[in-house]
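Note sheet for the following structure.
Labels run A, B, C and D following the written order; every chain starts at residue 1.
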Amino acid sequence: MKKKVLQNLEKLRIGVITAGGDCGGLNAAQYAAIMTMLNLGYEPIVIPGGNIGLYNLIDYSVDEILPATVAFAESIDITRAGSEIGNTRIKIKQIDDPESWERVLAGIKKHRIDGLIVIGGDGTGRESRRYIKHGIPCVHVPKTMDLDLQSLSVGADSAINKLARIISDAKTTGESHNRVLIIEVFGANTGHIALCCGVGSNADAILIPEVEYDLGVVYRDLKRTLFDRFNRSSTNTGTYVIVVAEGLKETEQRPGNGGATGAGASIATRLKTMMKEDKEIVELMKAARLYVPGVNEAPEIRDVVPLYIARSGETSALDVNFGLEVGAGAVYALSQGLSGVTILGFNKGTLNYMKTKNAIERRYVDDDKVKMFENMGFCFGRPVELFEPTLHEVKKPPERLY
Amino acid sequence: MKKKVLQNLEKLRIGVITAGGDCGGLNAAQYAAIMTMLNLGYEPIVIPGGNIGLYNLIDYSVDEILPATVAFAESIDITRAGSEIGNTRIKIKQIDDPESWERVLAGIKKHRIDGLIVIGGDGTGRESRRYIKHGIPCVHVPKTMDLDLQSLSVGADSAINKLARIISDAKTTGESHNRVLIIEVFGANTGHIALCCGVGSNADAILIPEVEYDLGVVYRDLKRTLFDRFNRSSTNTGTYVIVVAEGLKETEQRPGNGGATGAGASIATRLKTMMKEDKEIVELMKAARLYVPGVNEAPEIRDVVPLYIARSGETSALDVNFGLEVGAGAVYALSQGLSGVTILGFNKGTLNYMKTKNAIERRYVDDDKVKMFENMGFCFGRPVELFEPTLHEVKKPPERLY
Amino acid sequence: MKKKVLQNLEKLRIGVITAGGDCGGLNAAQYAAIMTMLNLGYEPIVIPGGNIGLYNLIDYSVDEILPATVAFAESIDITRAGSEIGNTRIKIKQIDDPESWERVLAGIKKHRIDGLIVIGGDGTGRESRRYIKHGIPCVHVPKTMDLDLQSLSVGADSAINKLARIISDAKTTGESHNRVLIIEVFGANTGHIALCCGVGSNADAILIPEVEYDLGVVYRDLKRTLFDRFNRSSTNTGTYVIVVAEGLKETEQRPGNGGATGAGASIATRLKTMMKEDKEIVELMKAARLYVPGVNEAPEIRDVVPLYIARSGETSALDVNFGLEVGAGAVYALSQGLSGVTILGFNKGTLNYMKTKNAIERRYVDDDKVKMFENMGFCFGRPVELFEPTLHEVKKPPERLY
Amino acid sequence: MKKKVLQNLEKLRIGVITAGGDCGGLNAAQYAAIMTMLNLGYEPIVIPGGNIGLYNLIDYSVDEILPATVAFAESIDITRAGSEIGNTRIKIKQIDDPESWERVLAGIKKHRIDGLIVIGGDGTGRESRRYIKHGIPCVHVPKTMDLDLQSLSVGADSAINKLARIISDAKTTGESHNRVLIIEVFGANTGHIALCCGVGSNADAILIPEVEYDLGVVYRDLKRTLFDRFNRSSTNTGTYVIVVAEGLKETEQRPGNGGATGAGASIATRLKTMMKEDKEIVELMKAARLYVPGVNEAPEIRDVVPLYIARSGETSALDVNFGLEVGAGAVYALSQGLSGVTILGFNKGTLNYMKTKNAIERRYVDDDKVKMFENMGFCFGRPVELFEPTLHEVKKPPERLY
């Protein structure tokens, strides 16, 4: 795909699809892509349901696939999560049809689609490279609630806000009943979300795949902190909150829980055992005047998995702002002949992008960041080492999103 | 306990305890009880942790149990859920101590407590009758998220608001992925909460213990409604939402889920089977252009259990208003010599109350109410019968809360 | 309008209009009316923009005014405030057209409308009686954010929740800067909203039209409370919050403020003067270590008017539940031949209603209720009298909404 | 202040103050500073009320100013806005006391404070340079709701989220009544907030100080857009939303409105006049079937000023995360001997900072950013020029906050 070719087209027709898990910012990105195309005189083609629609495009008559209008764009609520044009996790290669790519390409040809704007995560980034391999120019708009792309992505800020609120709110339950609360959050391979919503809600401990943890360290921090709180409180109340990334390697699985891996439940089980075997607990409960024989001999431990609740509903303003920016950016990039790239955003008049294959390389939580938070009292399940940052003076104004 | 006795006391000392599950309105009720007592010149005694504190009261020195002050009352955030004075589900009889009642009574005597204000549900209502049996005057402030007392209770309105928001928000996920969503909510024996948050979020089907349901009826409504929505939508999207009361009798149990009974998971499993066995689904999926061989041959079905998320965090204004009213009411009732009664609220200068044993009789969802909602399109899993209400003219202004 | 006439109609055609200020619950009421009619086989006619649509109905062709469908009803988001079918405060008699009623009646006749369901407040209730006078059967669904009808109405609970949240949140500003905050809320003639959101947010003083207040009483409570809080706080912080009903008679008006009467601003001005003239303030500021010569010699006083923010956005679950109930009730009432009545709601299989002329009589805040809250520490600007409620045992289960 | 000197101190005593307007993130920054100091073995000294406390520090006995404890830090709710240690806009030079600096320095000396962490905006940045001039080492943590520092700052993200929600919610009111809504938001000199919350809520027009606007352009966009929406809607409803930065130069002032400049009210007045003088409006109203003689001859125009509501209550997760990061960063910077610098945040093990005098230079909204949004349909009151971004490939992973 050459830049000139696309610019020579009288009416560039660009398809818009979303893929992967739903989250905040998808609607903003598709709205911006559609509206920017309309303003530039292009024809935005909405492909319903991501790869579902791409696979079935050939079955639609030409009259059924008309360019999106302002009225259609205005029907999209950019302040809400989810993808109003429909979404799927399905990859073309997973389809039980040996001619699935032929079918996709025939649909693309029939509806004269010149290129695709694909809004999705790392899997979708890889899928977009397959589109390109099959001859469909493609620009990638980054989305992942896991925050594990090299680029910033839509979706995470909304989820972090929701989760931080859920965790912070859950403390009213924990404190009423003197319970330990364990909250399992998104993050199949990385702990970005657990870290951000954990510190964002002032949780006590945060367990993430990047940090090798010793549950004994957590248990000791829990015991000390919890009983300190009981003893300090005029009503003997207190809680201790542990945020667990679902990607934590734990053996117990909770079946049928729609994505929950059971990491939180497993940590809960193990902590219950530790507490049961701890001879000091009864004395501590007695000293805190919380001991009741047979029925309240140790603090209770409960786990919660917010699941879909974390990804639905309102979208944060940051995700809307960033979604609009990268959605528009994709139009400029594709119309100028780029393909195989991931949009990073604008810095003044410059549109920054990365090669998609580089952008989707998994990003892990940085250990220095963990150390910084450990030195602020958050427990990550390991002994705290002194954090000694290097100081660096920045001389020119930093690039920034907001 | 005679009215005169209490009024003769120079400084009436009344203990305040909360019991049962935590929820919205508990803080308002205890705040109002404490502040009203302070204004009336009584001594409010906060008993930490409900029965935990009652059992351990004897261990506190007299100097440690001082009347609550305005400063203490102001430290209670009445707009937040939970009980800031601590809470427990423990009943005295469950305690592994044959002399637990003696211990309780000794504590009551040591700290010269003249009576108790007990904020809790039906179990707590029964417990309050046991206090009375043991000689402790007691007034009951109604609390139950299940709404199944004869009296209105604090807690439910906050939970219904939270759940209605969660369900309404979850639709962004359902619509993005064309999924059926099943949400299991509180209600161990009754369907009040499921009904109120179900209609409050415009869910499609509501399954409650009071209504014998045929899942086939739900399935047919689901199929018709969902594909109507797909076909009506310009992007082929849609969802169908089922709210399930945890008290629904279902066989599968999901272990270790902190109170979730698995009713929602069971309904999900059964619906998946029905859908799998339904020969028409593939044709409907094809007609809706959603069929993708091997990977999208039927709509997905997912279940969520909000659990603690529904009871924590913000308290609704109604629960605060009502909590303040009944918390204050309990002080007037107890100080005028009442015991064994449940506070209903004020109607102008009249404080309404019921005998606790009558107030805590379980209240079920009224079948006529269900019929009314069925005739509005909500599915309860049975054929819809015509609702024919009797008309009744009310001539004098109705009693009301707000 | 006779009952039989309506029931003989094969297809009863009922128009639905909303009128007056927008608020929560309107969408629920209209949704329920439409869906109930569709289930009963009637033809729901949506009249856009209330009296605007009624006046212009004659200009629509018969094909343009078709019965609402399920698809239309589903497009209404019952969890959101406002009226999606359009709303106006205009009364027919205000229209600058001597033949406005003729025009309305011609439209009604042209589109064969058999009766109206009118969702609105006291003004709308009066307007509905004019429809009837002109021969249009009419049932009234109560709506008023002011809560000043005899019947419960949709809208207020949503507004009270929003306002209580705004007031509660505003304390973070007040406490940071040691400010007195004055918040002016809805309530043109009555103080229900100010009372409910004031106690719902634990405000300190509440000024309402029903209670003759002495600002000196407020000032003294403010001074004592505020400096107590400063002195009690380890960081010398504190706030004092006054909620003012817009209907409070104050002389200063703040022009162009979309409904704000300036009552809050006037109270602010008067309190500033009192504080300026109070010789003790400087000493108190010094004692609290807050005195800074020339720039911080007295606590600041600020006022806020939330206005439209209080009536827009989310609808509370109670307003949705109640809106659905009374919206459906109106259909049953009208179809059974009632007219000139206001729907109160269902009690099991009984539909309760009042004559509209009785239902819209203004309801004032009860003085005993004020006394009850005064005895809990809320300041209403007058000396506190002892509240001595009469006790009343309720023997049968109370009627209730939830 | 030399690096070595500070590191030699056995117990570094660092004062923490906040200054300027209250907002989200202040509590997180102070919490992180205190907790990091406690972990590093330093003594965190909380100075109550910013410069108020600094001025009065000399009056506290040595025993009254003790290092903050973990218990104190835990009493700070980092998820809430405002500054729990107290805040003020007062600058030392404004104090009516010729010896104010002497007094400050005496207090600093008396309590052996080695340096200050100052959390505030540009004015506070300038004030921090005055502290340094008087010999008090000082590190600046950036805070400004206006977003107009060169560095990212705490507070804005929370405010943008609140405002975007308020604006988005207000549409239910606008659409119900077919109104034009004008919302005036923070931004005394720059339009960052107006821009971010305007696009974040999908407002229609955004007026900011950086863009010279022609109200005629806005009016024409309004007229076209609004009547398009009326005509497209099956219920003739629609709204048009204009977000106005308070810093917009407008002549009319609305007195006594606590910071509101009247820019929104002025725009409202001018648009009303334009609409009144526009001969076409009546025809358009008639065509949209909205015309009612005398009472509805043109769409209504209303303005709202959210004021304090935008800065109070919840803090966004981003502000908490960033606040924790820069609050901790300040401790590392100060303890390593830096002074006169503003913290930018960490990039892995590197702590980035700028000279405060550079960091507080006012940053304006970039015109290319405006162009990008104009090409997406947002109206800024000027003709839209084609946006032609330069494309730039980023080769190494970008620095990022989350």
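One rule holds for everything that comes next: contacts are C-beta pairs under 8 Å (C-beta built on N, C-alpha and C of every residue); 3 or more make two chains touch, one makes a residue touch a chain.
These figures come from a predicted structure and were not determined experimentally.
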* Give the fewest steps needed to get from subunit B to subunit D, where each step moves from one chain to a chain it touches. => 2
* Note whether the interface between subunit A and subunit B is symmetric in residue numbering, meaning over half of all numbers used appear on both sides, and answer same or different. => same
* Structure fact -> Taking each chain's centre as the mean of its CA atoms, subunit A sits from subunit C at a distance in Å of 40
* Report the inter-chain centroid distance for subunit C and subunit D in whole angstrom, where each centroid is the mean of the CA atoms. => 32
* Whole-Å gap between the CA centroids of subunit A and subunit D -> 26
* To do: Please list all residues of subunit D that touch 2 or more other chains.
  => 165, 168, 314
* To do: If every chain is a node and every touching pair an edge, decide which shape results: line, ring, star, complete or other.
  => ring
* Structure fact -> So the complete set of touching chain pairs is A-B, A-D, B-C, C-D
* Touching residues on subunit A, where the partner in the complex is subunit B -> 18, 22, 26, 46, 48-49, 51-53, 55-56, 59-60, 72, 80-88, 90, 94-97, 165-166, 168-173, 175-178, 181, 234-237, 254, 256-258, 265, 268-269, 289-296, 302-304, 306-309, 311-314
* Asked: Hey, which residues of subunit C end up touching subunit B in the complex?
  -> 31-32, 35-36, 38-40, 70-71, 74, 77-79, 147, 150-152, 156-157, 160-161, 163-165, 168, 192, 196-197, 199-202, 228-229, 232, 314, 316-318, 320-321, 324-325, 328-329, 332-333, 336, 338, 341, 344, 346-355, 358, 363, 366, 368-369, 372-373, 375-377, 384, 386-395, 397-400, 402
